[in-house]
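Each in C-alpha cells, the structures are laid out below.
Both of the next two complexes hold chain A, though its partner changes from chain B to chain C.
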Partner chain A sequence: MALLEIENLSVMFGSASRPLRALDGLDLCMEQGEVVGIVGESGSGKSTAGLALMGLIDYPGRVTARRMSFADRDLLMMPESERQTLRGKDIAMIFQDPLASLNPCFSIAYQLEETLRVHQAGTRAELRSQTLALLRLVEIPDAEQRLDAYPHQLSGGMCQRVMLAMAIACNPRLLIADEPTTALDVTVQAQMLELLTGLQKQRGMALLLITHDLGVVAQVAHRVVVMYAGQVMEQGRVPDIFDAPRHPYTQALLASLPEYNVGRKRLATIPGNVPSQHERPQGCVLHPRCSNAQEICRTLVPDPAEFPNALVRCHFPLDKTVGPCKQNLTA
Partner chain B sequence: MIMETNSSQVLVEANRLAKQYPVAQGWFKPPASLYAVDGVSFRLAAGRTLAVVGESGCGKSTLARLVAMLEPPSSGDLKIDNIQIDQASRSDLKRIRPMVQMVFQNPYASLNPRKKVAAILDEPLAINTKLNKFERKETGLAMLAKVGLQAEHYSRYPHMFSGGQRQRIAIARALMLDPKLIVADEAVSALDVSIQAQVLNLFMDLQESNGLAYLFISHNLAVVEHIADEVMVMYLGKIVEQAAKRHVFDEPLHPYTKALLASMPRLTAKFPQKRSMLHEELPSPLNPPPGCPFSNRCPHKKDACSAAKPALQDFQGRWVACSRIAEIA
Partner chain C sequence: MLGFFLRRAGLVVPTFLGITLLVFSLIHLIPGNAVEALSGERGMDPARYARLMNEFGLDQPLYQQYLQYLWKIMQGDLGRSIITHEPVLGEFLSLFPATLELSCCAMLLALILGLPAGVLAALKRNTLLDYSVMGVSLTGYSMPIFWWALLLILLFSVTLGWTPVSGRIDILFDLPPITGLMLIDSLLSGESGAFKSALSHLILPTIALGTIPLAVIARMTRSAMLEVLREDYVRTARAKGLSRLRVIGIHALRNALIPVITVIGLQVGTLLAGAILTETIFSWPGVGKWLVEAIHRRDYPVVQGGILLTASIVILVNLGVDILYGIINPRIRRSS
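This part shows the complex of A and B:
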C-alpha cells in the first residue's frame, strides 16, 4: 500500500465560468521512505501541488481530485478538524524563505514548542528538552544558547534548520519541502541537503522535494516529476529521466543547462516563454515551443502514456536512445 | 598585477581597491567599520569576461558598484580606459561613464513601471547625445531588434513583458550608449532555466558583435563555467583565487574554491558523494576571524593561519591567497 496516492488532482482559481488551472491533473504515488522531486519553471504549479497536499489552498481556490489519500485515509472527504490533526504531525512542510516563514516576534524555542504543544501533551520542561534535542538533531551549534534567540539573530541557513526542526518535530511520515535551499548559498545548500537526506533516511520519511534546480533533484531524489504550465509532462526514475528523457520538454530543459553544453559556445534554448495562466494554448500546452509539434498537438491534449517506470504526456515521445545532448531543438 | 594582457587593450585596471562602510553599533559606541571589498586588484581587457563568484556577503556586488562608478572606493585606485577615475576631470568622466553600464539582477525591480520601453531606451540618448527625436527612436528600435524583441514592444510598459523579455529590455538600455564594459550583477539569477539560456546566448552574441567586456557577477558556478574567460573567487571581501576559467574549474587550488565546487549540485553524481564539505557558515564580515579570513572553515587549518593575513601570491602561474598552498596543493 502506498503512503500517498493522488489521482487527477487539480487546483483552480478564478471564476467558475473562466477558471484558471494552476494545477491540472496531477497523478502521484509515493511509498514510505521515498524521495520524489517535482521540478518545473515558475508558474508550472509545483508549489500549488505542495500546498494542495497540505490542505492550505483557501477560498477562492478549488481543489478537486478523483482520489487523494494519505495512508489509506481520504484527504478530500476528511473534515477540517481531522485534517488539522494531520497537518504538521503526519504531513509537514518547509518553505522557501525561512526568514519570512518564522514569526519575528517570538523566540525560536516558543515557535518550536508550539508545534509540540498542538500535537502532543507534555510539561513545559519536557517540551523544552524536546525542543533542545530537535535543535541538536538539525545540527545547530550551541543549541542551548540559540533556544531563546529570535529569527533575526540567526543566519538564513540556521533559520532553515529551525524550520526543518519544526517540520520533523512530530515525526511526520511525509515531508514536503518547497524550494528548501533556493534562498541559501551553495555551500550552505550542500549542508542542508545532506542534513535533509540524512534525516529522511534515518526516520524513513517520504520526502516530496519541490525545486526548480535540476541539479538538486538529480542528487537527492529517487523519482522525479517534471511539470510545465500546470501539467505533469513526465515522471519516472531519476537516472532514466536524466540520461534519456522521453518528453521533448524534459530533453529541451536539460539541453539548455550550461552543464550539458560544456565546450559549446551557444546554449540550446527553448524558444518563447512559459505561457501565463490566461493564455494557455489549445491542445498540448507545450506545442508553441516544441520543435516536434505536429497538427494533432495543436488540437488534442495528450493523455499520460505509460512506459516501464515512467509516465509521459506527449503524442510523440522520444526514442530512448536519444540523449539530452544529441537533441535537435531549434536554437 | 595579473596575467600578461597587453596594456594597450586593458579596459579596466583596479589596484588594491577597497570599500569600507561604517556600521552603527548603538548610540554611544563608535561605529565599526566593515570592509565589503578589501584590496582587490584585477585587469580586464576589452572583449573578455571576468567572472566574480562567492557566497552572499563576499563583496561581489560592492565590487560591481565600485567598477560601475556608482560609489567611490575608500582606497585604492581604479583606471578605466587608462584614466584614473578619482583624478579625472569632469569632461573625462563624462566621456567614461557611458562606457560602463550595468545590468541588475531583478528585471522586475530595475525597470521603471511608469515608463514605456520607448522612454526607458530614449533617456540615455537624450541626456548623453545630440541626436534628435527621430534618430533616437530609430536607434532604440534597432537596439530592440538586436536584443531579440519586436518593434511593437517599443510602446509597451514593463509589466506587459515576461521576466526574460524584461531582462532583454534592461540589456538594451545598457547598450544604448555603446558601452565597452557591461557590469552584470547576477543578471541571469532570477530567470528560469530555459530563459536563462536565451539571455546567456544574447550576452555571448553581443560580446562577439560589439566586442564588449563583461564583469560577470554570479553565484551560479555552472553559468560562470560557461561564460567566463577568467574567474575571481572572493571570500569576505578578499580575492582568494584568481585564474583562467579552465584552471579554476579543472584544478582548483584554494581550499575555499575546492569547497565551492564540491558544493555545486551536479547532474551526474549521486548525492552523498565524498566531498570536502564546509561545516560552518560564513562568519560576520564585521568580525572576521584573525589572520586568514577562511581559517575557521578551512579543513587544512594550522595555527599559523590565524597569525597573519595571507597575501595573494603567484603559484604555478595563478593567484592564490593561502599561506599553506605549497603544502596542500
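This part shows the complex of A and C:
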C-alpha cells in the first residue's frame, strides 16, 4: 500500500462564478522513503499542491479530489482536529523563505520545543535536550549558544536548518520541501540539499521536493512531476524522463538546462510566459507556446495517457527514440 | 537591554527641560502684570509691589529666574496656590489618585474590549461583524467627549436612573483616604454598599473617557492583525500542527501587539487631556477638574505646576511604554 495516494486533486480560488484553477487534477502516488520532485515554472501550482496536502488552503480556496489518502487514512473525510494532529507530526513542510518562516518574537528553542510539546509528552528538561539534539542533527554549529537566539540573529541557511529541525522533530513519514534552497546563498544551497537528502535516507521518510531546478531533481529524486499552469504535463521515473521526455514541455525544460547547451553561445529558452490564472487558453494549456501544436490542441484538453512508468498529458507525445534537443519549441 | 534603556531614559531629560521652559514662560506671556498674576492682588501700592517683585524674584534677569525656577522644582517646590495658599505639589498629590483611578479604568476598558474586538474583526474581515466593529469604533472616535458624556448622563442617570450623575461616591459615606483609589478604599472601609456606590459612580466617566482609546486600539489591532496573519510564520505555526487558538493568540497576536503598544503609549496623552473634560462634566474631584478651576480663577501657580506635573507623567508613561516595546520586540532589544 502506498503512503500517499492522490487522485484528481484540484484547488480553486476566486468566486464560484469565476473560478481560478491553481491546481487542476493532480494525480500523485508516493511510497514510503521515496523522493518525488515537482518542477514547473513560477505560478504552475507547485506550492498550492504542497499546501493542499498539508490542509492549509484557506477560504476562499476550495480543495476537491476524487481520493486523497495518507497511510490508509482518508484525508478528505478527516475532521479538522484529526488533520491538525497529523500536521507537523506525520506530514511536515518547510518553505521557501526561512527567515520569514520563523516567528521573530520567539527564540529558536521556544519554537522547536513548541512543536515537540504539541505532539508528545515530556518534561521541560527532556524537551530541552531533544531540541538540542535536533539542532545538532541539522548540523548547526555551537548549537547550545543558538538555543536562545532569535531568528534575526541567524543567517538564512541557519534559519532553514532550524526549519528543517522543526519539520523532522516528530519523525514525519512525509516531508514536503517547498523550494528549500531557492532563497539561500548559492554556496550553502548544495549543503542544504545534502543535509535534506541525508536525513531523508537516514529516517526513511518520503520527500516531496518542490523546485524549479531540474538539475536538483536529476540529482536526488526517484520520480518527477512536471507541472505547467496548474496541470501535470508529465510524470514518471527520473532516468526515463531525462533520457526520453515524451512531453514537448518537459523536453523544452530539459533543453534549457546548461548541461544540454555546452558549446552554445546562448541557452535555449521557452518563448512566452506562463498564462495567468485569468487567461488560461482553451484546449491544451501549453498550445500557444508549443511548436507541435495542431488544431486539436487548440480545442480539446488532452487527458493524461499512461505509458510504461509514465503519465503524459499531450495529444502528440514525442517519439521515444528522439532525444532532447533534436526537436525544438518555437514561438 | 541596559543600553536601550539608558538611551530611552536619556531622551526624557531634554523633553522635561522643554516643558519647564514652556511653563516658565507662561507667566511672562499672560497679558498684564506678572506680580499681579502671581499674587492675585490688584492695584497695590508701589512699596508692596516692589516687595513682591523681590519675593517672586521677578527683579532678576530672566535666565536667573529660570534657573531659580528649575532649582525650586528639583526640591519639589512648585509654589503655592493663590486661592488656598496650599503647596501646589501637595494639592496635586492628594487629587491625583482620583484621576489615576479614572484613567486606569478607562484604559482597562479600552484594552479589554478593544483588543478582542480588533482581533475578531481581523479574523472575520469583510463580514458584517467586521463592518459593525469598525463602524462603531469610527463613531466612537469622532464623538466629542463632552457631548458623549452628556448623552450618557441623560440616558443612564436622568432617564433610566441607573447611575449617579456626579462625584466619586455617595456623600453618605465618609471614607478615610488610604490609597486614594476609591474602589480600594471603599473595600478596605468594610462599610456595606460603599464599593457598589463607588463602582456605580465610576461607570459613566469610564465609558466617556475610554471610548476614544477603545476605538483607536480596536482599529489598530485589526490592521496589525490583518498584516500579521499574512506572514509566513503564521503558516509555519499552522504547519506545526498548533491549534487555531495558539496560532492566533500566541504567534499572531504577539507580533500584532508591537504596533498596538506604540499606539497605547500615544493614547496616554489623549487620555489625560480627555480626563480634564470628563472630570469637569462629572464633577470628578481629580487633577483635571482642579486645573480647569485654576484656569477660571487665574490661579497661575496651580496652572503652572499642574501642567508641569501632568506633562511629566505623560513623559514617564511613554518611557515605560518604550521599554515595554523593547521587551516585547526582540529585534529592537538585541540589535541596539
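Details
Just so it is clear, the second predicted complex is superposed on the first by the 328 of 331 C-alpha atoms of A that agree within 3 Å, B and C clash if a C-alpha of one lies under 4 Å from a C-alpha of the other, contacts with A are read in each partner's own complex, and residues count from 1 in each chain.
What we mean here is this: a contact is a pair of C-beta atoms (placed from the backbone, for glycine too) under 8 Å apart; a residue touches a chain by one contact, two chains touch by 3 or more.
As the structure is a prediction and not an experimental result, all values here were calculated from the model.
Overlay on chain A: chain B and chain C fit together in the combined arrangement.
Of the two partner chains placed by superposition, only chain B is touched by A:Ala252; chain C is not. Legend: residue contacts after superposition of the two complexes on their common chain; A:Asn273 is shown touching chain B, with no touch to chain C. Applying the stated contact rule after C-alpha superposition, one finds that A:Gln191 touches chain B and leaves chain C untouched. In the superposition on chain A, A:Glu7 makes contact with neither chain B nor chain C.
Seen from the CA centre of chain A, the centres of chain B and chain C span an angle of about 80°, rounded to a multiple of 10.
When both complexes are overlaid on chain A, the residue A:Met163 reaches chain C alone and has no touch with chain B. In the superposition on chain A, A:Asp27 makes contact with neither chain B nor chain C. Contacts of A:Ser42 after superposition on the shared chain: chain B is touched, whereas chain C is not.
Contacts of A:Gln84 after superposition: chain C is touched, whereas chain B is not reached. When the two complexes are superposed, the chain touching more residues of chain A, out of chain B and chain C, is B.
Superposed on chain A, the gap between chain B and chain C at their nearest CA atoms measures out to 7 angstrom in whole units.
Across the two superposed structures, the residue set of chain A contacted by chain B and also by chain C is empty. Those residues of chain A lying in contact with chain B across their complex are 41-42, 141, 155, 157-158, 185-191, 193-194, 197, 212-216, 218-220, 242, 252-254, 256-262, 265-270, 273-274, 276, 331. For chain A in complex with chain C, the touching residues are 54, 56, 84-89, 92-93, 95, 97, 100-107, 114-115, 118-119, 150, 152-153, 163, 166.
Residue ranges of chain B in contact with chain A, taken from their complex: 55-56, 162-165, 192-198, 200-201, 204, 219, 221-223, 225-226, 259-260, 262-272, 275, 277-282. Here chain C touches chain A in the complex through residues 231-233, 235-243, 246, 251, 254-255, 258, 328-331, 334-335, going by the rule given at the top.
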